[in-house]
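Read from first to last, the chains carry the letters A, B and C; within each, the first residue is number 1.
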Amino acid sequence: MGRTRQLLIRLSGPLVLLAIWYIVAASGLASSYLLPPPGRTFLRLGQMLTAGTVHSDIAASLLRWFVGYALGCVIGVPVGLLIGNSVVLYEASFPAIDFLRSLPVTALFPLFLLIFGIGEGSKMAMAFTATVFVVILNSASGAKQASRTRQRTAKVFGASRWQVFRWIVFWEALPQTLVGMRIALSLALIVVIVSEMFIGTRQGLGQRIYDAYSFNLTTDLYALLVITGLLGFAMNRIFLFAEKRIVFWAGA
Amino acid sequence: MEHSVSPAPGTGNRRAVQILVESVARAFGSQQVIGDLNLEIRQGEFLTFFGPNGCGKTTLLNIIAGIETADSGRISVPTGARAKIGYIFQDYRGNLMPWLTVAENIAFPLRVRGIPTHERMRRVRELRDRYEFDVDLNARTYNLSGGQAQLASTLRALIIDPDVLIMDEPFSALDYQTSLDLYGKILRVWQQAHVTVLLVSHNIDEALYLGERTVFLSRRPSHVAAVLENTLPGPKELGQLGSERFAALKAEALEIFRRETSQNPSNHS
Amino acid sequence: MFPRQRPIVSAVGALTLCIAGCTSDRAPSSKAAPLRWGGPANISMLPIIAERKGFFREEGIETKPNYLQTGKMAMDAVVSGDIDLGVLVETNIAFIKFQNATPIKVVACVMQKHDDALIVRTDKGIHKPTDLYGKSISIVPATTSHRFADLFVDFYKLDRRRIQFANSTPPGIQAGIANGSMPAGSIWEPFRYNLEQMLGDKVTQFRDPRIYTAYALISARASVVQRDRPRIIKFLRALIKARDFIQNNRQEAIGILAQEIGMDKKVLAAIWSEYDLTLGLDPGLEKVFEDTGAWAKQTQPSFQSISVPSYADVLDPSLLREAQIANATSSSSTARP
């Protein structure tokens, strides 16, 4: 498929959605309060970005997301790999971790408010929690599925258990680990935005969204949602780009 | 000692015993796979193994290599020094590391031994040049053809300067032409490196052609049913595969094989 | 046409219809259905009494009450058509008018309240307004809580830059003050009562009726007013009866209301002065809306580029007048305009 053709096909989806949005808004079928037209929305979006009012909110949300996410990965990846590498550890811990991952993280927010207060801590804790269980599960799964053949080959060539873990299991598990990290990326952002809506301090995209809701500013609300969506989309794309380069052999 | 590619018949018996397999037995669960197997493996010989499915050819090789243990019996090394084993597997995709370059794969056994990178890479290049293998050291293993991958696997097995080279159906996954090409290369390696080669094959031509002797294993619980010597004269070359003498050898082999896989199990002790 | 692309075209068409359906102005419910009203309990005192004492039934209308947490939720419910009559406050009217939503009418004012207050933790060192410096006041944005907190800061001439406002929800503020994660919160009843119950002298309240008056309003979509005029008038007549009942049976009324709001009736009796149960529609409310709109434009960055709308067409006193006339002719007690 030619590059141009591929690009056009990729763009067609969003363009169709925009067209539907435009048509529905323009037709008068929809209330312009509930569905502001795309033109007005993007104009407002542009205003927000150029006036700079939303920059500190984006930065605040990204910081909370980053700290929680990074911590979640730093802890989740090694723990997951070690669990996946040991049959006993895996069987013992898997039910508990799966249960914890199945808890809606947002339901834990009141608990975190109690523990961490209404400041940055509770929001970062939310991002951390959302990240760590997904990352543990995926890293463990990756390690568990690590090719036994390759591990045995390494042992045949004299590698110790620790060397096999570092040189074989880690790399074998890396594709699945990165998948987990990518899923957690989006999840952690969602969770940060939502927790900012519950409890806002000065800055944050969730805070702005809740404000727009509270003041009936639906155009602002849509514009903020587009910004938030684009942010998540961009982060995902960047991660995918890096992922393809890091695990270049996966899918080969 | 001068080592020729194909010694005259009979001289093989004068070589020292390198590995002695004594009454080795191995079961998997309730299934007795190897039962009371005895074999002498001679220094520097090219020994091939052939037998019906499930007779434990791979298991036997693993036991000899020390990867697996026998339930009873023992493997002893009369010369005293423990043999260094190089291993080449059938599944080259599954045994090479796709995240490492070809060179890094070959150097892996050295890395395990803590040899620094610079030195490792030097030895890899030197090894490749010694055997004149045409493999791209900087390539990714998943881009290699089957033949190239097995050449890389062979270099990996050779890099620790082994005494014994164990090859478990190394050519089974390759096409005929590549196999023929690799026969020549492996014979040259055997000649140049002065290694003992133990090769398992399910291809009777291959086993008979490459081996100085071919060990025929019985059905399970397996023991050595027969050892056939390759009595073809002169250096090995592919033309032999079409010769009458080879056909006679093969007929003999097929007779052994048919006997061992016949319905009557009472042949076994 | 497009035989091979039929699935895609159908999917796109279905998606379009879904979006249009979700965001359209929903038609009001049929005349046979009960009249749905809703709002926060603390400002819905008149309808609560009318409901509980059967005044709506007496007027011959069937009603369905919905208790909502904030006036904003009542406003949303009115706009979306989930309820016919909303009990909400002037901030809700002021803000909805900035948008192109369906036209809204206010038909009566059922209360003037002073029950917003700042509740603070004394054990966090807050004993007087200036102790709020360096701390954060939790508010419910765009509500009376927000207005009160802002006017409070002006009233005591506090330095805005040294106090932060943090967004929350009413139960969120209650929980936050209770567990100490919030040092101060601006909130209304029954949340203030609950906190007094839980924390005793660990909290104190800053309030002054001069700071802020909030107006509880009965509001509906203009289309609903047009279609359902007779029923709404009967609704208002029932409210008149409710107001008279409360005046003449204060103890019983307080008992009923305390239960619905979720407070102890002794406490409600004690703070009864925070609620002024008028029933009227002062034209001065238009100015109140304008002031509120101006405040939003002044204090909220999002409103910078929008101009304050006109509130001239919001108030519709005609229904209340008809209700009052009807009451005067049907009962012996005098109705106050």
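The working rule: contacts are C-beta pairs under 8 Å (C-beta built on N, C-alpha and C of every residue); 3 or more make two chains touch, one makes a residue touch a chain.
Computed from a predicted model, the values in this text were never measured in an experiment.
Participant: Once you draw an edge for every pair of touching chains, what topology comes out, line, ring, star, complete or other?
Facilitator: Shape = line; chains linked end to end, path left open.
Participant: Taking every chain's C-alpha mean, which one sits closest to the mean of all protein C-alpha atoms?
Facilitator: Ranked by how close its C-alpha centre lies to the overall one, first comes A.
Participant: If you average the Cα atoms of subunit B and of subunit C to get two centres, how far apart are those centres in Å?
Facilitator: Those two chain centres are 87 Å apart.
Participant: Just the number, please: Cα centre separation of subunit A and subunit B in whole Å.
Facilitator: Taking the average C-alpha coordinate of subunit A and of subunit B, the gap between them is 51 Å.
Participant: Please tell me the distance, in whole Å, between the geometric centres of subunit A and subunit C computed from their C-alpha atoms.
Facilitator: Result: the chain centres lie 38 Å from each other.
Participant: Can you name the residues of subunit A that touch subunit B in the complex?
Facilitator: 147, 149-150, 152-159, 163, 167-168, 171, 174, 247-249, 252
Participant: Help me check something: in the complex, which residues belonging to subunit A touch subunit C?
Facilitator: On the subunit A side, the touching residues are 16, 20-21, 23-24, 27, 29-35, 47, 53, 110, 113-114, 117-118, 198-202, 207, 210-212, 214-218, 220.
Participant: Which of the residues in subunit C come into contact with subunit A in the complex?
Facilitator: 12, 15-16, 19-20, 22-25, 72, 75, 79, 95-96, 98-102, 136, 138, 140-143, 164, 166-169, 172, 175-176, 179, 181-182, 296, 300-303, 305
Participant: How about subunit B: which of its residues touch subunit A in the complex?
Facilitator: So the residues of subunit B in touch with subunit A come to 65, 67, 87, 89, 91, 94-95, 97-99, 108-109, 111-113, 140, 142-143, 156, 160.
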